[in-house]
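Which chain is which? They are A, B, C, D, E and F, in the order written, and residues in each are numbered from 1.
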Amino acid sequence: MNDLLQNPRKVYVSRTIEFNAAHRLFNPNWPESENLEVYGKCSNKYGHGHNYLLEITVSGTVNRNTGFLFDLKELKAILEEEVIARFDHRHLNHDVPELQDCVPTTEVLAVLIWDIVAERLQSINNREIVLHEVKLYETGKNAVRYLGE
Amino acid sequence: MNDLLQNPRKVYVSRTIEFNAAHRLFNPNWPESENLEVYGKCSNKYGHGHNYLLEITVSGTVNRNTGFLFDLKELKAILEEEVIARFDHRHLNHDVPELQDCVPTTEVLAVLIWDIVAERLQSINNREIVLHEVKLYETGKNAVRYLGE
Amino acid sequence: MNDLLQNPRKVYVSRTIEFNAAHRLFNPNWPESENLEVYGKCSNKYGHGHNYLLEITVSGTVNRNTGFLFDLKELKAILEEEVIARFDHRHLNHDVPELQDCVPTTEVLAVLIWDIVAERLQSINNREIVLHEVKLYETGKNAVRYLGE
Amino acid sequence: MNDLLQNPRKVYVSRTIEFNAAHRLFNPNWPESENLEVYGKCSNKYGHGHNYLLEITVSGTVNRNTGFLFDLKELKAILEEEVIARFDHRHLNHDVPELQDCVPTTEVLAVLIWDIVAERLQSINNREIVLHEVKLYETGKNAVRYLGE
Amino acid sequence: MNDLLQNPRKVYVSRTIEFNAAHRLFNPNWPESENLEVYGKCSNKYGHGHNYLLEITVSGTVNRNTGFLFDLKELKAILEEEVIARFDHRHLNHDVPELQDCVPTTEVLAVLIWDIVAERLQSINNREIVLHEVKLYETGKNAVRYLGE
Amino acid sequence: MNDLLQNPRKVYVSRTIEFNAAHRLFNPNWPESENLEVYGKCSNKYGHGHNYLLEITVSGTVNRNTGFLFDLKELKAILEEEVIARFDHRHLNHDVPELQDCVPTTEVLAVLIWDIVAERLQSINNREIVLHEVKLYETGKNAVRYLGE
């Protein structure tokens, strides 16, 4: 690699994946009426669903030998195991143990995905690469970002 | 209107709407094993979901006075009543009477929407405007078109 | 070219361009009240505007020597002269002579663009390539197609 | 809500809306020639227009009871009142009092929207939720972000 | 399946895939100067590349038992074998035997993909499902459709 | 300009362009086997290609006279000269001198574009406008951001 990478360069690498899931916004500690008031049609009994788009961003210094921050094949495999296997073609309220006592809003789901992916990344690398951001689109119009704060 | 519309001009006008729904691909006449074989993860018990994109296309001759084929406000209102009210934030298997004995695949849903919208359009106009096509995207990668054939 | 093109192959080639224009839906033969009833906020006095997306499709047989139906550079140049120069950064009601006695709906604009581009194509080629379709998106949700019928 | 939200979690929630407006880049303090030199075809007399896409981002801590940062229905209603009602289907130079002495560039429009929405958010909440960013796309290729700095 | 499918319903099912390839527009039977004149920068010696988007559409009657026209998992597998394995991460001029004596324009590539996929579909089904259309996007602005004519 | 710009307003202006290029991920200091292990099909001999989308963001204070941060026509011209002329319709490994001793990953390309554009911006302005971010999409799913750190 020529002198382009002579000095350390911090980059942010993003990978976007999709998963298709059902959910219902419903707080079991509240009566139906309060759920309806807060969540409206999002609290319909059997749930509805979305094509969730998830953009995961990791940051760190470009490796001078490979020119990569992180091999996307490896990141893709992690996301398959930790995100797709857990959420894709699932009903978030019924099928995901980590969400059992939660209202599965986009906010909560983004925070949960952060916790899962950040822990996994810590376990496999020597801290050179860190999770920077989880951005989760529920629709093309609504998105939540979480940066671990 | 100048001579642009002196001769009749047949146009196709499309309107795209979105609805968010859950569904499960499951044929109640089959054992679980056969459902799993045919539908795979799409037959998971509680269902999953999608942001369905629906493109409705009507055709006919441009009106020489208005320059419209069909007032989009009126088409929008029809789609609100016939599609959004029926499918949005619903679980297709549980909440939609018309789908009770069906497997709610994208194909079946596109055919059903055709039947509903075509009938409604017939009832409100004097046959100058006809439904031309229903195109339903389940995801950005999968779509079904039905033209009433 | 090998035997792939030994038999004539009819293809449809599409080119998409964008132009940014203002318009007002207003029929000067009607009183204000009727314009307001038919066109609503689209008839506001000074107009509003859109990023129009225009997809032009031409059809014909692939040339066995070039592998092209039509050189896109040439099509691009025609669209620059006939569409961009005429409509881009214009107010359709004030700046476009061809629309002087028209209500510049998407339908009317699609028909006008067909007439202009079809005539131009006829004048430059020996009828091997014909205009197949004009598709004009006013927004991501609304589109009109015209096929010369 | 289980322990996912035991610690405060700061999220950024974005909502995207569209409005269709005309504008003309023209500084009334300059002669025509200078306007033409600086703004080119963007200074054409009657204006042109765009489908403006506006992404509003608010930030704050996820509510432990609702799982929401902010009810999107409420945010949507605010944007209807403060943005859509003000700018949609308008000519920015003629119809928007706040822009009377301005050249309505994307930069100026983004700043104005920030001022309006930030003030409104302050008036309705107890400062737990703050406006984080206004991102305004004039076309798919041009965008301006303003963060209140 | 209820009476929705009592009568045969002809649908069109589309699947979109992406492949990333390099190509050079160059006719070996012509001198460099003629290639440059016809193909311009597209004839640069080492080639350039694209994220090709391919939309394959098959048509036929919806199966009354499954509600499918064609299992998308099966279509996806065919496209992996016949399209992705052949073209993805390849240089079309060097790596694809079927294109050896061709100029790999989008038109030629669309025709070739039709021939390959149509033959494969014939070999696996009893003619109930036919290939309807190949639509190949070279960029977001340029696309070619081939319908087997 | 009215009092909207009385106080300095710092905005971020983004411009997105596209270039179509081929590349091969290959480190000439390694044996073929190591290249294959690290880069997989991305190291195929003749390369493959992409429609690269590049979003350049500059930041600074809005000019009180023009309402612009920076004339987009001028930014567009710079990007034509520095980015399009260098990379569009090129094979990055063969045709770009600045990449001769590099593996042209998206990370490396983003860093190089930063260096080129930042230097150019410094040479033409009096430091009021600075390059804020280079975001390079290799596909719709993969992107790299570099902020000069």
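Brief remarks follow.
What we mean here is this: contacts are C-beta pairs under 8 Å (C-beta built on N, C-alpha and C of every residue); 3 or more make two chains touch, one makes a residue touch a chain.
Quick caveat, the model's predicted, so the values are computed rather than measured.
A centroid comparison over C-alpha atoms places B as the chain most distant from subunit F.
Homomeric contact subunit B/subunit C: same residue numbering on both sides for under half of the interface positions.
As a whole-number value, the distance joining the C-alpha centres of subunit B and subunit F reads 42 Å.
If you average the CA atoms of subunit A and of subunit B, the two centres end up 31 Å from each other. If you average the Cα atoms of subunit A and of subunit F, the two centres end up 27 Å apart.
Residue positions 140 of subunit C each touch two or more of the other chains. If you sketch which chains touch which, the pattern fits none of the simple shapes: not an open path, not a single ring, not a star, and not all-to-all.
Which chains touch which is summed up as A-B, A-D, A-F, B-C, B-E, C-D, C-E, D-F, E-F.
The touching residues of subunit F, counted against subunit A in their complex, run 25, 27, 38, 40, 98, 100-108, 110-112, 115, 140-147, 149. Here subunit F touches subunit E in the complex through residues 18, 20-23, 41-42, 44-51, 88-91, 93-95, 139-140, going by the rule given at the top. Residues of subunit B touching subunit C in their complex: 1-2, 4-5, 9-17, 57, 62, 65-69, 71-73.
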